[in-house]
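Structure record follows, encoded as C-alpha cells.
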Amino acid sequence: MVESKQQWKAWLYLSPAILLLLVFTVWPIFNTLRMAFLDGYGNMAAMGGATFEFGIENFLKVIDYDKFLDCLKTTAILCVATVPVSTALALLIAVALNSIKPLQKTLQTIFFLPYVTNSIAIGMVFATMFNIVGYNPVERAADTWGIINLVIQFFGGEPISWINQGSSYTANIVVMIVYIVWNALPFKILILLGGLQSINKQYYDAAKVDGTRKARVLTRITIPLLSPMLAYVIITGFIGGFKEYSSIVGIFGEKMGPPDDAGRLNTMVGFVYDALEKDRQGLASAGALILFVIILLVTMFNNKVIKKHVHY
Amino acid sequence: MSTTTVMQERDVKKRTFMQKMFKIFGKTGTYTFLLIMALIILFPFYWMIISSLKTLPEYRQAIPTFWPNEVMWGNYSKAFTTANLGNLFLNTLYVGVVSTFASLIITVLSAFAFARLEFKGKEPLFGALLATMMIPGELFTITNYITVNQLGWMHSFTALIVPFLVSVFYIYLLRQNFMQIPNELYLAAKVDGTSDIKYLWRVMIPLALPTLISITILKMMGAWNSYIWPKLVANDEAHQMITNGLRNAFTDTTGQADYPVQMAAVAIVSAPLFLVFLCLRKYIMQGVSRSGIKG
Amino acid sequence: MIKRIIATVLTLIMVLGMFAITGCGESGNESSAFVVPETGFNPDETVDITFTHTMGARLQEVLDTYIAEFNKIYPNINITHQSAGGWGDINGQINTEIAGGTQPNIAYCYPDHVAMYNIAKSVVVLDNLIASDIKIKDSEEIIGLTDAQKADFIESYYNEGLVYGDNQMYTMPLNKSTEVLYYNKTFFDEHGLKVPTSWDEMWEVCKKIKEIDPKCYPLGYDAEDNWFITMCEQMETDFTSAENGGQYLFNNAKNKAFVKELREMYKKGYFTTQELYGSYTSNLFVETTDTNCYMCVGSSGGASYQMSNNDTADGSFAFEVGVATIPQYSQENRKVISQGPSLCILKGKDTTDQQVLASWLFVKYLTTNIDFQAEFSMASGYMPVIKSVTENENYAAWLAKGNGKEYLVAKCVQVGIDGRDDYFVSPAFNGSSKAREQAGALLLKCLSTDTENVDKLIDDAFQEALNECEY
C-alpha cells in the first residue's frame, strides 16, 4: 500500500518540473530531431517557403566534414585533461579551506570573487598573460613577452609562442587547459565545500580520537563521504567539457585558433554554432545529436566506473 | 615484555613529536597553497577593478599597465548616470529573487522524489533528465522563442523567469545530497506519522542547507549574467535586465564597447551581490553541526 | 540502469522521429515584391512601427530628436526603437525574431545580414516604393524619391542596395565609413617622405622608413579580411559573386600572386596586421616609444583611436596625424571599401501595408534629411550619404575647423567625402560572411607560416579556404 501511495506522491512532486521540462526542453529537443532529419533544413529558408525531404543527409554531411575529426579530437583532449585536474585542485582547496580557522572567512570570500568578476575581464587577463605583442619569430624578438614568458625567462627558460603566430597545437591546448581549469575552479570549490559541510562532524571526531593521519582521513573519510558530490562534479564536468566553446572564443576570438591557423581549436559546439550562423539548423542539429550520443556513451561509462565508488 | 612497553612508549613519544612537526608543516603548507591559489583566483578581479579606472586609450594599449596612469573615478559616475542603473537593478533583483525561490521549491520536490521515493520508471526518468543536459542549449533558443511568443509572454517577467525554472543540473546536485541522508530517518518519520513536507522542512532541508545556499547563489548569478535570452524576449525599458542595459548603454558609435565604463558599471552592480554572499556565507560554513540529528 | 537509459533514449528518439516525419509544416512568407496600394498612405491613421539598431547612448539622443521632428510631419506614426547591442548581436537577434514573426519594421543592417533575412523573404523590396509618385493625402509630398533626392545620394552608397545578385533594391544607406590611411605627418615632413598613393609607392616609402628606423613596422593594417577583398577589387580579380545563390571565385592565380607579393613585403618587415602584431595596430601608431609604425590603415570611424595620446606639456599632441585615401593598384580603377550601417525594411505575415509605408517614410526621412545626416555624422564620425549635407552651416563649419581629436574625425570624414566615387561593397549572399572570414584567415596563414615551399603553402591555403566556404 505504501508502494502505490509513494507512486502518486512521486509524480505529484515531480509534476511541476516535468511540465516545464516538457514545454521548454523536450519540445525543443523534438524540434531539433525534426530538423536533423530534414535534408539541408534551414529556418530562414523554411520561412521563405522552401520544403525539405526527410532523410539522413545532414548526418552524412557532418561526418563528411574535413575537420570533423579535428573538432572531435580537440573536444576530447580538453575534456579529458581538464576535468580531473580541476576536480582534484578544487577538492584540495575545499579540504584545506575547511581545515583552517584564521583567515578562513577572508579566503572563502576571495574564492567567491570570480562570480562577481566580469567575464570579459577574465578572458582579457588570460589573453594578456600569454599574448606576445609584436612577436617576430625569425629574430625571436618581441615588444612584450607577456607575464607567463617573463616567468619562464626568469627561471632561465626560452619564451614560448603560446597563442601567437608559430605556436604549436600543444601550446594552444596547454593555455586552454589552464584557462578552463581556472574557470571551473570556483564552481567546484563552492559545491565541494557545501558537500564537506554536510558531512557529520562525528566521523572526524572519531578519527581524531583514533589519531588517524591527515592523508588517511582524506582518503578514508572525506573522499568516500564526499563521493556523491565528487561524482556530481565529475559527471557534469564531462558533460560541460564536451560542450566547450566559449572559453576558446575568450582566448582566441571567433577565429578559434592562432592567427596563422584559424579554426585549429574548433570544437563540436563550435561547429554547431557555425552551422547555426549560416542558417543550417538541420546540419547544426545533426552535429548536436552526434555530440549527444558521444556524451551519452561517456556519461554511461563514467556512471559505471563511479557507481562502484560512490557511498550514499 | 617490559622492553616492548618501553619501545612502545618511545614510539608514542616519537610519533607525537612527528605529529606536531607534521601539523606545523601541514598548516604552513596549507596556508601557502591557499594563499597562492587565492592570488591566482583574485587576479582577474583585480584586473577588472583597475580596468574600470583606466581611460579607453590606456585600456586599449598594447602593453598593459598594472596600475592606471590616471585614475578615472569619472568612469563610475559615468556608469551611474548613463545607464538607468536603479531600474535595471530592481528588474534584475525581482527576476533573480522570484526565479530563485520558485526554482528552489521545484528542485527540492523533484530531488526528494528521486532520492527518497520509489516509483515505476524512476531510473529511466532520471537518466532521461540527465540526457537533456547533453544537448547544447543554443539549439533550443528559436523553438523556445516561438513558444513564449505564442503563449503571449513577450515583454513580461514571466518570459524571463518561467523557461529556466527547472534545472536538471540542480536537481541532480540536490539529489546527490539528499541520498546521503540516511533512509532510516525517513522511515522513522513515516512511522511517527510525520508528513513528507514536514519531514522535508524539518530534516532534509536543514541537512542540505549548504547545497541549497550554493544553488541560491548560482541561480542569482544566473539572473545577473543572463544576456541573450532577456535581450530577445524582454528588452523594453520596463523589463530590461542589468547585463543588457549595460551592454547597450556603453557601446560607442562603431558598435564597440567602452570597456572601462562597462567594467565600472559591473563593479557597481556586483556590489549588492557580493553583500548577499557575505550574508549567506556563514550558512555554508556552518554546516550540519547545529542540526542535532542523532538518528 | 544503463540499459534502461539506452532503452528510454532509443524509444524517445523513435517516437519523436515518428512525429518528425509527419512533422508540422510552417506557412512561409510571400515572396512577391511590395506593391504600393493605390490609395497611398493615410497619415490620419495611427501606425506603430519598431526600429532596431546598434546605436550607443549619444546617437540615440540624436535619433530621438529627429523622431520628434518626424512626428511633427506625421504625428500618427509612433516609432519605438531599441538597441540590440553590438554588430555581432543584431544579426542573430533578428534571425530569431523573423522565425517568431516578431521582427522589427526597420533594422540597421550590413549586406551579409540582409542576404540572410532575404532567404526568409522577409525584406521589403524597395523599388516600387522608390518609384511611387502617389501623393500622400493632404500633402504635396510623394511617397517615392524625387529625381533631385535620388541625384543627391552618393551613387556608390546608393548602389549598395543592389548587391544581392538580382538587381533589386533592398536597403538604403544611412551613414557610412571606410578605410583610410593615417600617417605620422610630423615624421613624414621631417624626412621629406611623400604620402603613397599606389602600392608600389607604398613599398618604396616602407623601404625608406625602414632605413631610417630599422626597428619599426612602417605600415600597420588593422583588418586582414578587408585588405584581401580590397586588393581583389582594385586589381579587378574575382572574389565572390551573388549570382546563382552565391559563388566563391577567389581561388585564382592572380589573387595568389598578390598574396605572394604581400608575403615578401611582410618578410621584409614592411608591415604588420592586428592579428600578427597581437594588438591593435593603432596602438603601434599612437605610441611614440619603442617599436613604432608611421602609417596605419584603419576605419575612418575609429579616428579617435589614431590620435597620439602622448600629450605634450602645452596640450598639443606629440605628432600631427595626416589622413589620406588608401593606396591604389591603378588610378584608373580606384577602390576603397564601404562599411557602416544601411537600413532595411522587414515584413512578416502580420505586417500591414500602412506599416511598410510608414517605415519607408521614416527611412526616407533619415536618409534624405540634411540636418539629421549632418548631426549623425558629427556624433558618430561616419560619413553622410547625401551630397547636399554641406548646406548645413554647422556641419560645414565642423568640417572646416575643430581641434584635437574632433579635428581628426572631421578630416577623416572629409577624406571619405572626397573619395565618394571609389566605394565598393562585395556581393552579399548566404555565405558571403564566411568568404570574408576565410579571406582574412588565408591571408594571415600565407603571410606568417614558415615554409620552404611558398607556392605550395599558398595553393593549400587557398584550397582549404575554398573548401571551408563550399562546405
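For this structure, a couple of remarks:
So that you can tell them apart, the chains are marked A, B and C in the order they are listed, and the count of residues begins at 1 in each.
Note that in this section a contact is a pair of C-beta atoms (placed from the backbone, for glycine too) under 8 Å apart; a residue touches a chain by one contact, two chains touch by 3 or more.
Fair warning: this is a prediction, and the values are worked out from it, not measured in the lab.
Distances from each chain's CA mean to the overall CA mean are smallest for chain A.
Per-pair counts of C-beta contacts peak for the chains A-B.
Separating the CA-averaged centres of chain A and chain B is a span of 16 Å. The geometric centre of chain B is 40 Å away from that of chain C, both derived from CA atoms. Chain A and chain C have Cα centroids lying 36 Å from one another.
Each of residues 62, 125, 130-131, 142 in chain B touches at least two other chains. Residue numbers of chain A whose C-beta contacts span two or more other chains: 29, 43, 133-134, 143, 296. For chain C, the set of residues touching two or more other chains reads 1, 5, 9, 92, 99, 277-279, 284. Across the complex, chain A is touched by residues 1-2, 5-6, 9, 13, 16-17, 19-21, 23, 25-26, 28-29, 31, 92, 95, 98-99, 116-117, 119-122, 269, 272, 275-279, 284, 290-291, 430-431, 433-434, 437, 440-441, 444-445, 447-450, 467-468, 471 of chain C.
Interface residues of chain A, counted against chain B in their complex, comprise 2-3, 6-7, 9-11, 13-14, 16-17, 20-21, 23-29, 31-32, 43, 89, 92-93, 96-97, 99-100, 103-105, 107-122, 124-125, 128, 133-134, 143-144, 182, 185-187, 190-191, 193-201, 211, 214, 225, 228-229, 231-232, 235-236, 239, 242-243, 269, 272-273, 276, 281, 284-285, 288-289, 291-292, 295-296, 299, 312. Interface of chain C with chain B (complex): residues 1, 4-5, 7-9, 12, 54-59, 82-87, 89, 92-93, 96-97, 99-102, 177, 277-280, 282-284, 286-287, 299, 301-302, 305, 309, 379-382. Listing the residues of chain B that touch chain A in their complex gives 19, 22, 26-27, 30-31, 33-35, 37-38, 40-45, 47-48, 51, 62-64, 105-107, 109-110, 112-114, 117-120, 122, 125, 129-136, 138-140, 142-144, 147, 162-166, 168-169, 171-173, 176-177, 179-180, 190, 196, 207-208, 210-211, 213-214, 217-218, 221, 225, 259, 262-263, 266, 270, 273-274, 277-278, 281, 284-289.
Contact residues of chain B toward chain C in the complex are 57-58, 60-62, 82, 123-125, 127-128, 130-131, 141-142, 145-146, 149, 154, 228, 231-232, 235-236, 244, 247-258.
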